[in-house]
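So that you can tell them apart, the chains are marked A, B, C, D, E and F in the order they are listed, and the count of residues begins at 1 in each.
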């Protein structure tokens, strides 16, 4: 199995979830994160003083899936999350050795 | 070393931590996440309009441990986090290539 | 590529980010987490009753980078995040099979 | 479709009420002979201040529960403002202050505010419109049941809570108010002193809270799972609004704007100040840290304790009343875990204990030098007053405890007191009201 | 450098104002013959209460938007307090209450509060200083445009908003206030009853909100993307402050401290209570859950509806007015999605509908038994009053709708009404003000 | 065991206080000859309003610090309400307003509120009970030291803070209040005008804040680490409560309810409005965005500046005073980083600068047309007044700066001013009070 981690713009979350859902992926986990990269933060002003806010709010989506689904998932995320503007984010793929569904104790592909 | 990532119901966190502790695992990291899966979210009502809240609050536990401890850890988490109701969550296992304790610079199994 | 995950003390975040930046690493993702380990939490008092707060606030930094950069990154994080006091945190290294930059579709080392 | 029918039903019900309009309105006529504009201004603003206390309480309590119950907790106080006000205007005021029936209750001749008009009722307040006195008292009737909700926070079923509140006000609060403040009430006739509601408001609610906590049982997980306050800044804001509003509660109870109101204002503030300090120092010595929640709780304890005494005691003794209240209530609250019941937000320890201490302290420190219409207490040579106070306290405790227990027993059988286990785990906000307190994502 | 120049410019502008100081100050002299201290105390504190309503509204609205717009939303109300107060002191009060010009507007002879001193103006309030009456009215002028902002929340460009507010107050609010309350105003002369602003404040703003929501267009993503309230605890606090302040709004409108203020206070409270319950029950039946936001919204609907009636109706009818308001406004708000415009925070459904119902209900339930200077409504044998009320309502609706639409049309062409798409996505807090509402990290 | 002993000690201390009860209570007797109910109502509610300002300040400041210090910051203001009230009742009021001792301080004959009863003291307020005047003044004594805490936020050791507050009030505030307001005070005798505390409250605290910020040193990380406000919605709420309460502060200072209170109310509001706008526009021009924190800060600057002038100037000049205050204070605050000290929440820039400007502006714009008991300023033909104002300002600045510096120096040596580095990093909430402001998990 593979774990696909995508760091995306928060307002794209709903769309990506819908698109994955349509592609038959009905399980994922979401984390609020902050990112730092080419896209820079912004400046806020408090009593005449400027503050740099370096981190940009992002959302991390994690999907664990059978190897065979990988290309489809990557495609879906890439297409849905893309705005073409800097800061669209990254996708990372890693290998997962085992998966367990806690409720049933199922393991492997069946548990995803 | 292995990294065990478990997505569980938030109210099980304390129990799982205790159980792992008893099993000799005294280090872990916890992240608040939101999950989407078989367990559906709920409907909220604001001024007569219904809103779907699709994501369910979950907690992610990450434990990095020596390979030998893996079966025991999986067992403890599975047993403690299980309620038998939908939404109990998943456990994912991945390989960790290196571990470092920042304070001492120790590496590998000693650093866990 | 490798993914370097470092759990560090929150007040070190800014320093670590700066140091990584200087070392040429200009992308990373940050998550607020809570840790449990040798460093214990603290006791809070509400109306004469004591509450154990077992988890300690930590910050998780994730950097994905080319294999060649690994030693340098580890060194930078270790040195910058170290205070020598308990609770300085851990660094975990895992293998990343694929990286994609969503905006451009670039893959592999180019995408990092 | 079905909901349209229901709406129609509601509109029909409103139509019924309409029938009463003509009758009731007549009561508002007649000239107002001796209304004093200054006294009226003071009692009007005091009524507004006391009204604000219940939302203040909502925040005070709301900050102390877990996040998932914040709206459910706030809602209980908020909706009580609406519910009890209607009850009061319809029959509550008449039961409490209407013409006496055998010294135990008012009759229903003031139902729907009949006879309660713009002219003063000299029995209660000779220089302000009767309606103003009525609305001032309304705010007391409102906050009393709201206080109880703290004891059973995080598990009370909303539907049952609504019915309980209506019944409790009618069966417990209204009679007690009549006994103590109503013309002809038996405790009133005894000569008991309760300036602004130590017995009527705080003992009755504190004791009801005790009965309710026992009957309701503990929150799931209590005491093993920590349930720390989710937002103490909200609690502090609530405490501040309570303190602010309490000036109306106590100094407004003079129902005139002069020296007595002034003294009541001063002693209210000083007792509160002393109590906040006393609780803070007690906790500091006992637990090693001076807490913000402690200071706020101490302030409330002081406000509670000075309430019955506020129109009868001088400034210096008020500080003693407050300081003792701070220490006593802190001790009571600290000992709670030993007794093993789950009074979630310490209503018993603060209102029950503080109210009892205040009512008795009135029997110690009262002096006619402050209020010639009051009396002297033990320290001013009149031990009898302490005895009378003790009787009033005991009567209130017994009646409220027994009465509340019976009401809850019946309601438990009929409707169930608690939300289901799943609903409790999910939190009241979602399970009872379908809402979230905070959504910080976007 | 450049910014220093700008500062210099500002200081120069201040200097210009200085020139007027001498002239204006003279107005404050002359003896005050018959000021009543109690009446004055009541209207002073009422003014403070009404002032507090606008920050209360800021919180009420602020809690209902998404996190990223909380400051932008709060700011609109907050800065209106400043902006409209200055407008009112300079020319607004004169236009609204100054010597009549052809029954449609006041002239400018009270510009800069000229002739508005410490002596009462018996035309408006015989027992309080004229300045106190003026400042009380100021707070009404302040809150009215603030109400509108709810309809266009989360997308209004700040700069345009400032100009719009100034123009709207001058061209819409000030004349309407003159028509209804000014000596010589044509609706006033007709005999329409509007005790505290059902037409002037609520209809005018509710209708303007409608025009603005239409003109401004929907929020990006509406209605597909859920936009739930980000902090209902803030909204409840806001509602509580509104309720509290509204006692000043309505009972203060008696401009004396006696029986009339008392009745206004009582009916305000009872209508609000009934409306909160009615909305809650209606939603409960319709959607299956009694919501906290519903109870708070119902309370506001009740406050709105009783406003015009508050000095003319008796307590029991006030509960009917409130209950009907709760159901009506809930229905209106629930039907909004059918109409497809985006009135973000339901200003039309609450203030437009509630204000209209209240103004008409005054024509049903008014009775001289409550206020001899008022009139009788339909249910007290005077159907004519209902007709007059209907005319007043219609005139207000038409004028506010047409006027607001024209103003916005022009401003859209000249300055643009909405923030850019990116700014809307980023949120008003950052894009308009460069700030964050909450930073919870450290 | 040990803690039980401590509790016993506390109860014993309470017993000692008890001894004083009899003595003090006697003072409350005697008939009240000429109390006016309207004036009393106004000063009573004003006292409540001013009391609310300190919790308002707690929120205003609390929102501006980092999350980990929110309770610690709120606590400082909250506990000051308790601490200073007790100090005031015991000896503070006597030192400030008691019988004059050589024009520099009151003597101790009013210790424990001896001689402060229900009868008016015509020297201070002829128509309200002396106790009411005393409690009104108490609230001023409370807020003044609370203002200082903003300058040293996020690092002051709680224990030291408590002692410092007591000493500062006794040694700095009480004498200054006597100089300016006490019968026989030397600045009072000079003819300086300070209606509601520009010098006594704002200059004294603003200058003390300066001394304290210098003595305490910078927060760890300042200015490199950004320390933005963690909750501006809380700050806005605080600002709103301050504005609301300030009507009591300034208009209540008339100690009567009539034309003078009315003008004070109006000018307070207009100056605040003008200042909020002025700060907002200044920041907009200077930094490109109109900030919400700027508008709120400007409002506070305006409130500060109009305070000394509020009973002496006419409405139009008040807007100038406010507008200048907004620009001046914005400039001062913007320049702070250049001077390199860490006045965390800009107490110097707002209260020090604003208070000084206000005191001097009183010497420019005062007119007997507003208050015949006041005086004329420079623009009304009396340049002398400006000179007197300048002397008052200078005396206050010097005394407060030197005095505060000495107190802090001594306390630093004896108890230490700052929390340890680890405690500062962990935050005051946990390190000083063992609590968390927000726990949003469950």
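Here is the rule we use: a residue touches a chain if its C-beta (ideal position, glycine included) is under 8 Å from a C-beta of that chain, and two chains touch if they have at least 3 such contacts.
Given the structure is predicted, the values throughout are model-derived calculations rather than measurements.
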item	value
Between chain C and chain D, the fewest steps along chains that touch one another	1
Equivalent of A-E within the choices A-D, C-D or B-D, defined by over half of its residue contact pairs recurring	B-D
Intercentroid distance (Cα basis), chain E paired with chain C, Å	51
Chain centre separation (chain D, chain E; CA means) in Å	32
Whole-Å gap separating chain B and chain C, where each centre is the average of the chain's CA atoms	18
Junction residues of chain E - those touching two or more other chains	36-39, 41-42, 45, 228-229, 231, 237, 257, 286-289, 291, 293, 434-436, 438, 440-442
For chain A, residues that touch 2 or more chains besides their own	11, 31-32, 44-46, 53, 94-95
Interface residues, chain F side, partner chain A - complex	226, 228-229, 283, 286-289, 291, 293-294, 297, 330, 333-334, 337, 346
Residue numbers on chain D that touch chain E, as the complex places them	3, 6-7, 10-11, 13-14, 17-18, 20-29, 32, 35-42, 44-45, 47-48, 51-52, 55, 58-59, 62, 70-72, 74-75, 78-79, 81-83, 85-86, 89, 112-113, 117-119, 128-129, 131-132, 134-135, 138, 158, 231, 234, 237, 257, 432-442
Residues of chain D that touch chain F when the two form their complex	36-39, 41-42, 45, 49, 66-68, 228-233, 236-237, 239-240, 243-244, 247-248, 251, 256-263, 265-266, 269-270, 272-274, 276-278, 280-282, 285-293, 295-296, 299, 313-317, 319-320, 323-324, 327, 331, 365, 367, 369-370, 379-380, 438, 440
Chain B contact footprint on chain C (complex, rising order)	2, 6-8, 31-38, 54-55, 58, 60, 74, 77-78, 81-95
Chain B-touching residues of chain D, taken from the complex the two chains share	225, 425, 430, 434-436
